[in-house]
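Would you mind keeping the following structure in view while I ask a few things?
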């Protein structure tokens, strides 16, 4: 908490975010535990980790879909976690989301016009003609030929185009915050590059603040100003993109980076070895440091005490008892 | 598609461009033909239209009334006065079968709509809201299922009596559990889709999500379900009237005529056999037509996703 | 284990709900048994007196509580008309209905499983289309219709089997089975199509699973793929259906027992319905629900046995 | 030259669809030697998975194999074989590992049974011997506690562990050719590295040949001897791995490499995306399939489909190759 030195111009602040799902029988899934991160206006925060690390749960909790179990989410001074009913629905136009599956993101039974116009309809903005005009503008902005697209249905478009349409829908109300949950993971590389470039372009043009969730470290580095690494619901390390990729200090970050398959035959392929074994269940996370069961540096201390988040350099936060500082 | 044995690669498309084009056309034609409406659709359809026509315009045919007793002909086989013969009371079989068709068809169309309509609402609520609403509806459905359908109908007919409306309504109730289950499963499936999340993220109301996002997607399996239910409703009404617990006598109904015919099966089999044949053909036709339409719907849906 | 416990809880709730709904239907709504007993030309006082005697004047919840309490102690009441003990008359007749249902279900399964496998093996192939046509014809015939046709052909025309009647098992196994064949077949000829179609649909989708592709890639022969790899995962819906079908079979026995003159619970119920003997109706419905709930609990156990994911608490955990 | 295990000649596979014939694999030829690994890279719809199933002869009923297609496995032509003959080869001569370990193991059979049945059926082992051998195989693929795991069901294992089981099944009968079809796509990066290492070790230890199919250039870069790049059903470039990455000739390969985000890049670098989308395989454009998206394309490119040609081991299907000034 104090590790995240209070930035004056924080736009989105996520404080002690906790997400738990009841399982029945008194058990619960500890999806996210005490996650804290602050994002400045116009900044992109990347959130990486492997499956089950809680990054998507965190994203949904920021969206209040559903509301988190604990913690605070504040957007531009307005505490979203405190809003209810109509107030929350009204506030929703300021933060929008793009999902992983481009096809499933669009209702197969509606036309592209209706899909992209839905935010305007819900917010009750404009006449039907005005809405259509606005939809056409948005489609052109995301690189979809609006003349041909308006009356078609999603199945007539490729995955990449569907994702562009999703982006148009998310941005039509001019939100301040865009949350991208694995937004390019289902796309082929060549199309993925198109969509990433589009997101970067729109971010600059519209002054968006972004929360970008992905399992792909290379993709995250491409769009993010700062990157947070999560493991089993907890933050491991947070720093600006350049630093975290060049000088990772958390053993998990280092392992993750060493495992990325580089498209270069001469790249170093030695992966920092983990202790073999299964990823522990988020129903029953290990005591102390959650990574300790697979960490080659783990000691008895790691089992006993939860590592506190420490700022080891300006803006470089790590939660580890034995960070790899040379 | 799921053929697990055709892998030896014996099929091959021919080498010359002409042959190739021909094979090509053949393959596509085969694919398109798959679910076209063929004779299995049109022949039963013609029969159904014929039965429907007879039932609707029955009073215009100048038939003897269904409860008029002809003392000259009792338990007679087909003859020039009574084309399908008479029953053991000397009533005209043709007239009885046609008027009986009115009951069967009314129930056949009305009951599934009542049941699916109510089931749709319950299923959507259970599938979308989950939690205690789901739990309560689930228990209600399980309870309903635990009593045999015919027993429910018997109870209703004892308690409420046998008007046509009550028969339609109580039969409709029998379709609620399955309709609700189908709707619930489909709603669950779509409620987790990302386009529904996107709508929630936009602040859409639950009503809007259910009507605009979910409903258009789940209506097709339900239409298919109604198609299956029509013949089932006719069959159940037949069973009920066979037991004498559907519409009150002397209003004729197919099941009732068959029950009367059973008593004299060894001496005058025609009394049981004609309505049996008509009912069988009608139910079979509904099944065949329904199946053909369902396949077409499935095709349309596949093409749309 | 927790899964079974949860199911058991649910079934108890259902049972309670069934008894309550039945009781309400029979007791709150018009059509008073007192009038029935008193007969057409009785005076209002006589009816009142009968009500008093039967305890029908007391509040509904009290009567319900009393009746439910009786269920547990074996006191299901006495028939208003014949004064027979309801529990005894049901348990006397149930074995007959039970035999009929079991026979019908065995016949239905022996038809449905091979037919379903053949159909799913080559969808739209010749075998599938043939089986599909037979199924269509079969499902288009209500059981009473099938029964009449079977009686006409096998009993009246060929004279091979008796048209009606029942022989207790004490007169010999074959003597007992002979009159049961046509009734069981009448029920089975309707039920098998539903089972067959359910198995077919599920098996077609299972045959498209990756693990079937892997089994083929392992060089396994077709019979092994169908019977060892595909049948078990394909049969879950069918098993569930077997449980649900108990309700339909119970309903079916009502008609079939009536047609074939078999002294089972179905016939007891229909007789009670004709005579408005409400306490017997109530008892029969409760008994049916009990049978249904028990059957479904057995299905749940079978499910756990068939699907290791349920057994080890993986999927529903 | 080593012993040739697989010789694919002019493989063509098409599917009948409602709109017409979809040409999924069109004229693919290559050979593979014992002990070598061939990486096949392509985006979705490039035909790489259909190719693997064409080699295995595991195509669905709607598939049509073109005339002149031949697949020779250890010199035996699979094309004309009956189902029964093919069955004898699957397992002992060719085996496959599928993409999704969550769905490629049978949920109702123990993993021991799923391995043992191959041994019983193909090697004629007794059930007892097959079980012992299964445990040994599970140990070989690095599954902890193999004697416990052998009686467990797939859902009790994690994704990475299941993929190890799938590999154990594949190598059970010592096949000569192992096809790994996107074996790590469904797995996390750290697990991916382990599984790829395992596959590589198996190929070396057992002296198999392997086809590694993937969409990820990063996966083939470190783990293959040769790489074939597929686009629209064809191989458009094929070369030894260093040659392919270091001396790319086909503009598509170059564009694909350029569009990949890399961890070594600085943040916010604009990616060189390939505009447009892959061609419709039911009505493919005339000429080079990549021409409509290729920045070097000219009118010539759209006239004829270029053949896969080149000097020595480096082949490409392009009439205006890149880097021609540089010696190969």
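Per-chain numbering from 1; labels A, B, C and D assigned in written order.
The rule we apply is simple: a residue touches a chain if its C-beta (ideal position, glycine included) is under 8 Å from a C-beta of that chain, and two chains touch if they have at least 3 such contacts.
According to UniProt, the chain labels map to these proteins: A, D = ATP-binding cassette domain-containing protein; B, C = ABC transporter permease subunit.
Given the structure is predicted, the values throughout are model-derived calculations rather than measurements.
Trainee: Counting C-beta pairs in contact, which chain pair has more, A-B or A-D?
Mentor: The comparison resolves to A-D.
Trainee: Name the most central chain, where centre means the mean of Cα atoms.
Mentor: Per-chain C-alpha centroids compared to the overall one single out B.
Trainee: As a quick test, compute the distance in whole Å between the mean CA positions of subunit B and subunit D.
Mentor: That gives a centre separation of 49 Å.
Trainee: For subunit A and subunit C, let me know how many angstrom lie between their CA-based centres, rounded off.
Mentor: Distance between chain centres: 53 Å.
Trainee: Could you please state the distance in Å, as a whole number, between where the Cα atoms of subunit A are centred and where those of subunit D are centred?
Mentor: Spacing between the chain centres: roughly 32 Å.
Trainee: Out of subunit D, which residues touch more than one other chain, so two or more?
Mentor: Within subunit D, the residues that touch at least two other chains are 58, 86.
Trainee: By the touch rule stated above, which residues of subunit B touch at least two different other chains?
Mentor: Residues 1-3, 5, 7, 303.
Trainee: So which bits of subunit A are touching at least two other chains?
Mentor: none
Trainee: Mind listing the subunit D positions that touch subunit C in their complex?
Mentor: 56, 58, 86-92, 95-96, 98, 100, 103-110, 117-118, 121-122, 153, 155-156, 166, 169
Trainee: How about subunit B: which of its residues touch subunit C in the complex?
Mentor: 1-5, 7, 34, 139-140, 142-143, 145-151, 154-155, 158-160, 231, 235-236, 238-239, 242-243, 245, 255, 258-259, 261-262, 265-266, 269, 272-273, 276, 279-280, 283-284, 287-288, 291
Trainee: Per the contact definition, I'd like the list of subunit A residues that touch subunit D in the complex.
Mentor: Listed in rising order, the residues are 50-51, 158, 160, 188-194, 196-197, 200, 215-219, 221-225, 241-242, 245, 255-257, 259-267, 269, 271, 274, 276-279.
Trainee: Which part of subunit C faces subunit D closely enough to touch in the complex?
Mentor: On the subunit C side, the touching residues are 209-211, 213-221, 224, 228-229, 232-233, 306-309, 312, 314-315.
Trainee: List the residues on subunit B that touch subunit A in their complex, please.
Mentor: Residue list for subunit B touching subunit A: 193-195, 197-205, 208, 212-213, 216-217, 303-305.
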